[in-house]
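Read the structure below first, then the notes.
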């Protein structure tokens, strides 16, 4: 069977789940099993599409101008399989997660349609199809963001919908420009015709695609919707949005700027590189200051998109200099990180989901000590954290390692800017890595370790089996994608070959070796070395120390007696040094309110509150919206309610037309 | 064809004579149904080719058939909706039994006049019909309901502005008539059929003058900015079923007049002249509406402004011309005629439940009345031009036509307005739909239907209400993914009639 | 078909009268005289129709003139008077611009019309004046509607526009087919009657018939 | 033979620490403990019972092993006395740094695990310092790596191509600062204080006792020696054997020992002449050395690969 049949079956599964959700059934959460099956067969479709490299589905006409055309190539196949992998795990998770939701029906419906729309985006073959799928995806995700319909989520949804609509406007613009200059709406014929495009037209398209798709992907400074929208949605949805939906932005960008536009000038790549670096650093910096777990993860999505763009950007830069092998390496890095981020970010959001499920709060200051009550969630969340911090031997490290290689190879680029910027990108990546590590030490340490910081945290229970299973799948994948880079590369290299005309001669016989830098890496070897030495260490310790008994007592804490949970280090305290070091970026505000019984000796209460300034909202978006509203309000006087004025309009219009019209 | 004109009048008579208010509603429903039955063969044959009766006084071709079909469909829809609506209005004492009878009588007269517009072969006759629609609908807005001073204000503005405007249209018709005299030698003609044949021979200068008067005149009625000012008031103060008719189709009947004239004027003046004027009006309409939608605090007015926007898009499409442009415009007429009534219906229900048309006084619709909320969502998003809903297709067709002509400035403005309007619509309706009680609302979501019914006046009529609204909503979605074959052929036929190459 | 010259001068004379009455409206403050002005205007119109009918010997124009006289010269004024009596206010509130200014502006309008219609788009049997005058009357009617605050006076302005329109009809085409004339006239009557009803409603619910009260709907 | 060169680090790292202590003491005019003292300490600790906080979870117990193994895995990668290091293939310098980061990650978690204020403070500061150090370390390594066209340490050691060029000096300076920060030495941290408010690295070890503490300390010694080794590999690889025949190895061993002693002396000198900086003065120091690393890169590129 070819990919088509699997595709159809998979979509059929999803749609049947969606339609079943509308019927009055009991226990609708089990419909997610259908979604699992759908994800499974679509995953197969994706893999086989990667190898087959071509798939064309019969078009469905809509109107004389438009028709729905779906097709697929290896790139689409890659994204197809990424979506499917995450969808599978999330669906498993959801069975338990939505059990005691009130309105399951609509959630199941929206969930399935949402997934189908993401598949549709990836498989779209012409402008119309792409736009319809794209906007459908946006609409459905908007519904999901506003799923529990309180003011907060409504606001978040509004910001999200409006910003992505602005993005869509740019996408429409770029499509129209493409269409006008290539005279075709089909991507395939655009690709063929794009070679003849004049330079400035290409530039317009490129800029539009950065803004348009960047908004969806959440690059700085178009990211503001992301930390609002993702926390508002239910956690399984956040996992999908953060794991794969924003990746469709990356897909669209690659599809347009690398695939259809073909080779561009060097500054394109450099721009993307810089945007990537900035997004990575700023994203993680803001993440550090968040104590709302889901917001924190949302900011990390911005960071990881930045890392992906580091790869993609340097790939574009190399390609425009004709260094195809290096370009291939960089693109591989980017795509590899795309997959990895989907996996570990999904895992982390699911973990957060089960945390929130157990503790009824997203604020990590109210958690703590959960690793004892929720051992599995704790373990999987830890694995996710280690992976996102790019620590070996997990998957995050492999892709960041490849990114490093690509950035170091930037030295081979002819232009001095590229030479300079790509190592700096490397430094930015290092900084990002360190910050991410700090952030997840905070996230995991504060919420899972130490003593419970609230009653909810104290009587938290481990989540249900299916939720654990969902997380387990992703956790295992985190490890596998780390220690089996060969398999992953087989998924990626066909599309890389299509886009850059080279496979970057990255060899992966157990060892991932980039012959361009004579460097090699084997996470598997690292893992096994550590396991081996670990065992050795245990044995040695036993031998050296003999059997010794362990006494359990309160923490010593330099002899401080009766430690209470209020005395623990808080997340705020943990990040304070960083807040002070980067105060130029955070612009922190703090106030200390002290009320005395007898000034200045006896303090009754002492209230400390500090916040950081959300730079982009405060100095970019709020003024903009305010301006728009002010100007609009001025227009009110046109419709003053005075009939004579209206009659005046008629006269004036008529007069003007009579004078200038004829 | 004559029956199509007789049936509404008869129904109107019966309605005005009947005693019981309950029955009247169903009588009018039956009337519209009968009308539909009578009209179907006419419409079908009209698409096949022009048909005329009464020695060519009544005439129907594809274009009139198209508008006619919409008129009848919407009349039916609002006849259905009116039943439940009026029952509620009567319960709260906004209207008396006498008022209800008068309402239905006027409703059917209104339908009659609109049908007459589409059937008139003689342009002056068409003018008379259009003026008649103004008078009747003004009565429906103002006098249909007691104790509504705002309605009276709105009606007054409506009738004054439209009459003034349409007076100029008549002047335009006179000028056209004059222009024909020189061609026909002595005797002038106003028959559409004849005019089409002699159009190329008409004197361009005269026709330009005529068209300007026509555009300003009918443009006022069609709600094109900057002569749109009556529209927000009238649409927001009219009873919802009437707003639906006004917005959904009355504007289009006026625009139908413009289209007819365009196809007469173009051959003599060349299409650039009319095209530029229509584009100008279209852009102004979109700009004005987008600004006002952004600051709107009253959801019915918001809908009214969105009608202005969509009329703007239609006239933009006409102005761009060419197959794509006109196709887009005609398709947009239909899509708008499906989406807007839905929105006015739901807003009528919301108004009935919350007793206010202020956005700030409404919240949590989605939680309190899930069905209604969902329908509102679909309607609002489709009006905002969001796929996968119908209006996106026609808007995108128009946009594509613009780009085909290479008018990038217009394309950019178009996109800008669309984004602003999306923002306005979503923030407005978002505020109404969400809020209220947070996650707890989930419980009600399960048994949303009966809650919804409970909030509506009487079960039968409310079932009818929901039925018609769901019908419209499903049409929105269906037309959002495909343009059915018969509609496609219909539109193509209209394009032939308009003589677009 | 005898002495055209006289006929022409007569026509010019009458149409000049029509224009004059229209311009005069701008200086009238009380409502009664406005109604009178309109009545005279309509009489002149029907007279003109009659003259044209006499010249061209078209039968249907006689009919038209008669109908015009009956409806516009008799019925509508009576109706207006009834309304005036019902809402019993006689004076117009201060208009937006002073009489002098409005007079000048209407004068300017006339000039503009003459200027803009100079080039020979229209070659009509009647003297060219009539066309210009008719359009000027239409515009002046609109101008009155723009400047005045009384609902009733707006209606009268509308009626002046209507008369101008008919005049234009004659000027261009020796009158439209009778059926159309009648249809238009019927519409007009209906419109006027309904406007009358509305004026009474307005008076009821706004305690005055001044339009500057009707500014609640805005934005 | 070459398989086992990491054992050198494993075995001699306490000795190196002892030497540094001794030299420091002498410079400050104290007798100081014998250079074998660290070994005694370790043996002692291994033989002690352990006290573990009831608050602590399995993270606390696993951490010492993870830290130890990560350091061992890292030190397998580096060539010590010969560039014929077969383990070089399992990872390069970047991998090495990230493996060490893994150790640090868990150490910081362990600091938080017992729920004490000082542990939290320690891990918070540790991560902060890491944030400042890692980019700079990376950047200074990049300069060397770009010069060698590879991130593979053995290759860098073999093809060291930028002897005593300005970029070399700058990169070296930056790297030395990085090493100081990573090994928790003055002026960044004071290795032998338990004064609550100043400690960084010790803060995280506060709750450890017995064999866990021994493992932690040992890992710390090893990390120190490992970083020294990296320094010499990257910046003065001269004298390291490129083969495995005995004579060469003997020579390179002596050379290596000499280098280690030199670095130890340097460390002792710095420690006894500098005062510890206040924590919030660190950014200026580390940021300054980041600029050095940046400059070295710039000069390297501007001077066309010199």
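For clarity, chains are labelled A, B, C and D in written order, and residue numbers in each chain start from 1.
The criterion applied here is as follows: contacts are C-beta pairs under 8 Å (C-beta built on N, C-alpha and C of every residue); 3 or more make two chains touch, one makes a residue touch a chain.
Small disclaimer: the values here were computed from a predicted structure and weren't measured.
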(request) Write down the pair of chains with the top C-beta contact pair count. (result) A-D
(message) I'd like the Å distance between the centres of chain C and chain D, where a centre is the mean of that chain's Cα atoms.
(response) 101
(message) Can you work out the whole-Å distance between the CA centroids of chain B and chain C?
(response) 32
(request) Please report how many Å separate the Cα centroid of chain A from that of chain C, as a whole number. (result) 71
(request) Starting from the mean Cα coordinates of chain A and chain B, work out the distance between those two points in Å. (result) 44
(message) Where in chain C do residues touch at least two different other chains?
(response) 142, 145, 154, 214, 216-217, 219
(message) Which positions in chain A are in touch with at least two other chains?
(response) 636, 639, 643, 647, 650, 658
(message) Residues touching two or more other chains, restricted to chain D: which are they?
(response) none
(message) Under the stated touch criterion, can you name all the chain pairs that qualify?
(response) A-B, A-C, A-D, B-C
(request) Over in the complex, which chain A residues touch chain D? Could you list them? (result) 368-369, 371-372, 378, 382, 386, 389-392, 397, 401, 404-405, 408, 411, 416, 419-420, 423-424, 426-431, 433-435, 437-438, 440-441, 444-446, 448-451, 511, 513, 517-522, 525-526, 529-531, 533-534, 537-538, 541, 544-546, 548-558, 560, 563, 565, 567-569, 573-578, 580-581
(request) Please give the residue numbers of chain A that touch chain B in the complex, ascending. (result) 60-66, 68, 101-103, 105-106, 128, 131-132, 135-136, 139, 143, 146, 148-151, 153-154, 157-158, 161-162, 165-166, 169, 172-173, 176, 179-180, 628-629, 631-633, 635-636, 638-639, 643, 645-647, 649-650, 653-654, 657-658, 661-662
(message) Applying the document's contact rule, which stretches of chain B touch chain A when the two form their complex?
(response) 156-157, 160-161, 164-165, 168, 205, 208-209, 212-213, 215-216, 220, 226-227, 229-230, 232, 277, 288, 291-292, 294-295, 323-324, 327, 331, 364, 366-367, 377, 381, 386-388, 392-393, 396-397, 399-400, 403-404, 406, 411-412, 415-416, 418-420, 422-423, 426-427, 430-431, 433-436, 438-443, 445-446, 481-483, 488
(request) Could you pull out which chain C residues touch chain B in their complex? (result) 121-124, 135, 138, 142, 145, 151, 154, 158, 161-162, 165, 168-169, 172-173, 176, 180, 183-184, 186-187, 190-191, 194-195, 197-198, 201-202, 205-206, 214, 216-217, 219
(request) Report the residues of chain C in contact with chain A in the complex, numbered from low to high. (result) 96, 116, 139, 142-143, 145-149, 154, 211-212, 214-219
